[in-house]
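Have a look at the structure that comes next, please.
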Amino acid sequence: MNADKGTSNKQNKEVDGLIKKGYITIIAGPCAIENSKQFEETAKVISALGISYMRGGAYKPRTSPYSFQGLEEKGLEILKKIGEKYNLKTVTEVTDTVNADIVADYADVLQIGTRNMSNFALLKKVGEIAFKRKKAVILKRGWASHIKEWLLASEYLGLEGEVEVILCERGIRTFDTNTRFTLDLAAVPVIRKLSKLPIIIDPSHAMGQSDLVIPMSRAAVAAGADGLIVEAHYDPASALVDGQQSLNPKEIEELLKQVKRVASVIGKKVR
Amino acid sequence: MNADKGTSNKQNKEVDGLIKKGYITIIAGPCAIENSKQFEETAKVISALGISYMRGGAYKPRTSPYSFQGLEEKGLEILKKIGEKYNLKTVTEVTDTVNADIVADYADVLQIGTRNMSNFALLKKVGEIAFKRKKAVILKRGWASHIKEWLLASEYLGLEGEVEVILCERGIRTFDTNTRFTLDLAAVPVIRKLSKLPIIIDPSHAMGQSDLVIPMSRAAVAAGADGLIVEAHYDPASALVDGQQSLNPKEIEELLKQVKRVASVIGKKVR
Amino acid sequence: MNADKGTSNKQNKEVDGLIKKGYITIIAGPCAIENSKQFEETAKVISALGISYMRGGAYKPRTSPYSFQGLEEKGLEILKKIGEKYNLKTVTEVTDTVNADIVADYADVLQIGTRNMSNFALLKKVGEIAFKRKKAVILKRGWASHIKEWLLASEYLGLEGEVEVILCERGIRTFDTNTRFTLDLAAVPVIRKLSKLPIIIDPSHAMGQSDLVIPMSRAAVAAGADGLIVEAHYDPASALVDGQQSLNPKEIEELLKQVKRVASVIGKKVR
Amino acid sequence: MNADKGTSNKQNKEVDGLIKKGYITIIAGPCAIENSKQFEETAKVISALGISYMRGGAYKPRTSPYSFQGLEEKGLEILKKIGEKYNLKTVTEVTDTVNADIVADYADVLQIGTRNMSNFALLKKVGEIAFKRKKAVILKRGWASHIKEWLLASEYLGLEGEVEVILCERGIRTFDTNTRFTLDLAAVPVIRKLSKLPIIIDPSHAMGQSDLVIPMSRAAVAAGADGLIVEAHYDPASALVDGQQSLNPKEIEELLKQVKRVASVIGKKVR
């Protein structure tokens, strides 16, 4: 497997980036940045809980062109402003080579979504920008990608030089319909055997239902994941996108409490 | 969903059967009973660790007719003898309506394997025997069965009267090839929403590799499972069947240690 | 692959059994035998079209125990009586080792359903009976079975001696939900490379909708299949089981017409 | 389903574009344009057989960044030159918004590959260019995309105005490993029910083995497909990419012969 060539991707767990040795990093926030109020109200909740990374989408890849497509650069402005005000590092998705540099002007961490895991032109471009501008990159697994394909995709990010790459398992597509996707938690120990890259879990997109997010977050941490990226919204009922899978303020607090307990027994802290 | 009709299956968590409220039940043992020595040596290890249930196959459903098919009734005799000697309750698979009664003569718990989840003639027969002879039944999920189909299959076991039925998720078949099957841990919280039946996890058959069994066992308990059924062998290198996924004595001890820690933070004990 | 050992299964295409060299064999009939009238009315239609095999289930494997389970031996009596009256050979499913001999008393061809492809006890029993009583056996592919597993399952049928075994692809379970199952027509040329066994296609269970059955039947014959097994009912709207996927008399006539044309260009006749 | 909104995509079968009413359109050519000689030798074969469309990749989306990535613009020059010399219309893949206009300078038909079906930025850009420059677009199905998602993706191509969009089924990812992907031929009649868009089949990428391409091409035409896109190479043994699934000159001739026969019985000609 060529993934052995992967010397250009940082062995991230030895340095303090998004992933920090001995810690579970939590990234929380709404699926889409809808407006300033929504993002700030959610930021208050997250910040008050001691979470240090906030997510929010400005360019939204939507199955239908007739659905809300995101606020684009206006959304990025909100992301940056609110992030700075509440001292939260920010994570957002890059969906096209032409807006990759703009995204990097505003966000701390660049995310490649599941639909773009094999968009190699985008991977190269984001890798280039991440290297030059010292940004971390979260690479979500394609929903029907083999782990080998995922690791090779990560190689595209490191062609220019060392980049902090974080893998993110977010559910694979199977025959099962009880959850939106099937969360492949075995990816965590499998990645440990094949790669030095850290791996985080997105239980929100995998489950598609908020009440399954907490048990699967506990399981992810117990399996050895380095972090979680979860959808949270100050008022899920009013969300424009994916409200049914977003945690409300009480639930995100409960998630943190439970995840801390599981982390403690495997010698990790939560941040 | 007709599963609501399922009043005939015991609400098992209220009574002490294989599943006991507040406890994680561990079932360990070799895939197949190979001979008296192998089974006894493994029983010693398991018993010394305080595990109370031992598994071992006497009738083995094998993909090829030219592979070892199990010791059949001779294997059941070993199962019973060693089980009694080491004070271990025993679990073994029933593969045909004609040997169901014989299996019940020897074993405490009857198991329906993944290949037979939709063998309705077998389910009816085992349900009948389990009811009359007060045996618990472990019903493994078919490797490509929807959860709704699984719950309806469990209804076949309760047609004669109340039976202790325990569901067992053992991995589903997906495109992924890094593990033998994909362990669908979300089945645990999904089952909690749809049914009163307890659910245990078989990480050994799902993973197909012993080194992935411990992290996935931790995850299973963190997800809320009621128990684990794992393959253990006093000397996996010599196993006739599935040695590569069997834990050796040191590993089974380590599994117990780690699972106890995770169980403790969710308020459960391990037995 | 051990399937090379498979010398005990007849190289069916050289002899005239269910499969005849140079012919596409059509098997048609209702999912379940519901009563004498339904079966006879359907038999009239089938027989008038020159089809020589009729199917009908007497023991129905149903997902829910609360659904209609088939007429059992009473259904077999109808099968035999009507089959003889209209000079149709009969095909029906065996679901349990204990009723295998009874089924063989009434039917010409024994069918193993998709849920029982890995019910090895049943395979052995049916193989034994088929050998002794000169019955052909249709072995449906498990809906999530690898082709290698299917061929090894066919070996269980030939342990006693030469049996006419016909493989039947009936759709596999995938993420796709537009059809009930995904019909894997590539199984036809793949089987040709790996085995001497003939292969027929069941488009009715694969599609789950009658209007997709004709195009997929044409495709099956074009891919090289040796036959088709399709659901037909004199009045699908009144069917107790699977009416939405049954062809009505006009549609079964149209299917035959179209299939004959495709068969003709690959040098085959339809019977 | 919003696909009903799709009035902006041409009802292609009424006009003569890539798809012509009453015809099966064949597109053949190598996976990658390797050099002028390879492309010209292959063009000679294709042209001599009366095929009117030739494919060849200049920008190759490769799983590994260390594999051959295509000749890029130099490849496009070869494509155009040889296409004109042999009077073949040309088809090639667009992989990035920034090279979409360049590709349109050289090729007649723009292809969106399976990995980019949900790369919505690319779809919008290609739709825009296709509308302005009167190019047809082939939209391959994502290998794990639902048909609904595929049709909604096609809507992104028609946002600027009427574009000739041709859907292409190229295999979906399932548990089955006997073929590279599972060809979902039922997509043909399903698309007929849901959309006015034409649909062609790519048996080469689906099968991954050249000897399975001819039977599956026959089946595709019998199922009602409007065309085929197949990999052909004047000397597959020397191909840099996907040689094992490319047809050699004799095989492509045989494919044409057999496809014509099947087409004839459903009232179609091959071009």
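Letters A, B, C and D mark the chains as written, and numbering starts fresh at 1 in each.
Operating definition for what follows: a contact is a pair of C-beta atoms (placed from the backbone, for glycine too) under 8 Å apart; a residue touches a chain by one contact, two chains touch by 3 or more.
In this text the structure is predicted, and so the values were computed from the model without any measurement.
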{"item": "Pair of chains joined by more contacts [C-beta pairs], A-C or C-D", "value": "C-D"}
{"item": "Option in B-D, A-B or A-D whose residue-number contact pairs overlap B-C by over half", "value": "A-D"}
{"item": "Centre distance in Å when chain C and chain D are each reduced to the mean of their C-alpha atoms", "value": "35"}
{"item": "Distance between chain centroids, defined by C-alpha means - chain A, chain C (Å)", "value": "49"}
{"item": "Junction residues of chain D - those touching two or more other chains", "value": "144, 173-175, 177"}
{"item": "Touching residues (chain side chain D, partner chain A) in the complex", "value": "2, 5, 61-66, 95-99, 115-116, 118-122, 124, 143-144, 149, 152-153, 155-156, 159, 173"}
{"item": "List of chain A residues in touch with chain B within their complex", "value": "144, 146-147, 172, 174-179, 182-190, 193, 206-207, 211-212, 215-216, 218-224, 261-262, 264-266"}
{"item": "Touching residues (chain side chain D, partner chain B) in the complex", "value": "144, 173-175, 177"}
